[in-house]
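Note that the chains are named A, B and C in the order they appear, and that numbering of residues resets to 1 at the start of each chain.
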Amino acid sequence: MSNISDWMRFKSQSVADELVEINARQFLRENISGFGMKGRVVELLGELKAALFPSLYEREMENADYLSSQVLDRLNTATRLLNGIIKDVLMNKCQLEKKGSCHGAECAQRADTMTVEFMESLGEIRRMLTQDIKAAYEGDPAALYTEEILLSYPSVEAVSVYRMAHQLFVMGLPLVPRIMTEYAHQLTGIDIHPGAQIGEHFFIDHGTGVVIGETCVIGKNVKLYQGVTLGAKSFELDENGNPIKGVKRHPNIEDNVVIYAGATILGGDVTVGHDSVIGGNVWLLSSVPPYTKVYNATPKPIINTMAGDGEQE
Amino acid sequence: MSNISDWMRFKSQSVADELVEINARQFLRENISGFGMKGRVVELLGELKAALFPSLYEREMENADYLSSQVLDRLNTATRLLNGIIKDVLMNKCQLEKKGSCHGAECAQRADTMTVEFMESLGEIRRMLTQDIKAAYEGDPAALYTEEILLSYPSVEAVSVYRMAHQLFVMGLPLVPRIMTEYAHQLTGIDIHPGAQIGEHFFIDHGTGVVIGETCVIGKNVKLYQGVTLGAKSFELDENGNPIKGVKRHPNIEDNVVIYAGATILGGDVTVGHDSVIGGNVWLLSSVPPYTKVYNATPKPIINTMAGDGEQE
Amino acid sequence: MSNISDWMRFKSQSVADELVEINARQFLRENISGFGMKGRVVELLGELKAALFPSLYEREMENADYLSSQVLDRLNTATRLLNGIIKDVLMNKCQLEKKGSCHGAECAQRADTMTVEFMESLGEIRRMLTQDIKAAYEGDPAALYTEEILLSYPSVEAVSVYRMAHQLFVMGLPLVPRIMTEYAHQLTGIDIHPGAQIGEHFFIDHGTGVVIGETCVIGKNVKLYQGVTLGAKSFELDENGNPIKGVKRHPNIEDNVVIYAGATILGGDVTVGHDSVIGGNVWLLSSVPPYTKVYNATPKPIINTMAGDGEQE
């Protein structure tokens, strides 16, 4: 008998017990989401995206009635999945807070109300996405068809998921909205916190490396390029050295602002006035008035024959 | 009966109808790609990548004949998938342009020709990729085996897909090449427009955040690092405020150029001469002659004891 | 009969033969990993991550015993997969080095030892990840629950995979550790070389675009933000123009250092002293002592009414 068979027969149980014990200490005892929540949320997103954009996700469309029945199926599946997710999260949270004395009926009732409210918001979310897609088409000379935006722009993926997650965030559902936008971050490199407020006709070109913090407020008709950070300055710690949660930490961007690649705007007390343009790589820590153009002094790169070092591998 | 069951029985149909109607307005009426095109293109790419790099995608290889039969299977599946995709896209486009009077035969004939032309270009594409993989090996001290490049470098994924998408772009196929490179962008963080022209022996190290615009022309033996943008300056709008499409907007990079991390080179009238080196974070808006080294003045960071703010969260 | 059927019947075989021949030249003859290694490694990672974090990957948990049996299953499956992978890689490498005279027994024995050693290290790896998750919670005001970190922070994904890959790298297994961290790079935009040494209580916020090079040495309680590069200066070439492998090329970061977004630190002779803070976008090519704060002079962006160019599309 090989070493390996022996190890699996006689030793792996103790590693399993060790892993279970470590997990129990950090997560299993005070667990709001229960098991497998990430997978459940990803499954839900699949159904919701298919309901919003059937031409992307369905393979056949014989006629309008058939299409409508496909969308109806997606919506009903999403309703069931979302209702289960909300119920589990609310009841687990309630059990923890009431130390086990949650009877469930009130939480279940609240979950039903939230589920219906969310599902009925999908039409409005889809209308906003229509504007977002138009913004992309108007903002990129490389796009020849509106359809091209839908089929291939990461902004559509990231902003669709953000708009749904934001709705759930506003309704007060914990954990789930963040799982949603982080899933979109994984697909697109665009990291939008579900708490951010973003107006209509919004477009992010290319997108990789964009970060939009929790307490950002972004107006209508704003355009961002790759690598833009709308972040926080250094944050306050409480007496235990933990960061204080829930403070306004991220900037306000008013209507019709364009922010070019790699710009960094930091701080909850910073407002970029409407119709302004922030140039590439600008590092901005204070407010600017409307109709302002902010750009770095043109750097004078040193131009030389071959020598020197300092390059990155 | 629960709220939720009631909602699904009596209300969700109206949300479905609303979503179908919004989709009909923006996409379904003037739809070139038809339904499910993104999934079809991803499936096609799976077959093509397996044909190009069988050791990556096949799990067994008994002998050379068996390998050849696996590659043949992949090629024939890809041929069928690609032919269906091209046919649908060309005919839908023709129907739209001729307002429904496309009879299909000419489009089908053109689709067949394009399919065969593409499939016969795969040998040449694979030969170029051999050079690209050598470029990676020669360009990274961390790579101990050429095989390591194939197994783990995102540059191989991004450039393989780009070279195939570029071939279809040059042949005039709309929409599909862009879906292909955006899929590679999702996997790698490297965003290469299929219209860009890139010479042989090309390597992108690390890669996250790289953007290469539609009208870039890149020579042979060029190396890029993560976060490099080869982009456009602000673009012209037409009388309706829409960007004018099809103008040369992105730079030319000649042979043997190295561009370090985070450098940004913008504009269709900018040429980086051959055998030049562009340093990290350089912001370049004008041409430089051959054999030039461009780098930022060494910044003098302010070094201090602990105090101050301005940091990003 | 269509062009396409004809082509598949009479011509595609020659393209298949061409592709097989090109692959044979570059990879098949001197192949260490064999076929399908990438897929095998991804499958292994799935089992290992489920064993480390069962609440993420299992959908049901009736009681503690059932959970333990699920983890045991995952561990045993991972053991079998890892053992097969290590055996194949060691034996293929040995065959190549001994030109076919490897008899296998010694390699198999070594593979068994490495497999057991790795599996027994999982408890310690999981304990380190507990600290890493605490570091994330303490480092981000947006995180309301520790559980939120586990469910949605890319740092957990990237660092979990890195800690496992590093263990295999230290044990001397070629190729596989790099495939592992590159898979995490694909999911998170965080590119950590498995050779890097990283102390406990480590956190990367947002993460997209982070690069940590092979010979970095990072202390305890370090925090990085998105877009940080810990890289190499330009490297030495040997007499054939190939980079010299195995040299210390990347910086040392001591305990309790924070490095903000977009900072770039390059060179094997650079040490950032403990308890230092490196500001956003700093470009650092030399060492700094402990308790130092390094930041760029506040740039004075030029603020203007609307005019000018130089923006990126």
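Going forward, a residue touches a chain if its C-beta (ideal position, glycine included) is under 8 Å from a C-beta of that chain, and two chains touch if they have at least 3 such contacts.
Because the structure is predicted, anything quoted here is derived from the model rather than measured.
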Inset, instruction - For the copies chain A and chain C, give the interface type as same if over half of its residue numbers appear on both sides, and as different if under half do. - result: different
Legend entry - Superposition of chain A upon chain B: rotation angle, C-alpha, nearest 5 degrees: 120
Inset, instruction - Averaging only over C-alpha atoms, locate the centres of chain A and chain C and give their separation in whole Å. - result: 24
Inset, instruction - Return the residues of chain A touching two or more other chains; collapse runs of consecutive numbers into ranges. - result: 140-141, 189, 208-209, 213, 227, 229, 231-232, 235, 249, 261-262, 264, 280-281, 285, 296, 298, 310-313
Legend entry - Footprint of chain B on chain C - complex, ascending: 2-4, 7-8, 11-13, 15-20, 22-28, 30-40, 140-141, 174-175, 178-179, 181-182, 185-186, 189, 191, 193, 195, 205, 208-209, 211, 213-214, 225, 227, 229, 231-232, 235, 241-247, 249, 258, 260-262, 264, 275, 277, 279-285, 288, 291-298, 309-313
Inset, instruction - Sort out for me which residues of chain C touch chain A in the complex. - result: 51-61, 64, 67-68, 71-72, 75-76, 79-80, 83, 109, 112-113, 115-116, 119-120, 122-123, 126-127, 130, 133, 137-148, 150-154, 187-189, 206, 208-209, 213, 226-227, 229, 231-235, 249, 261-262, 264, 266, 280-281, 285, 296, 298-308, 310-313
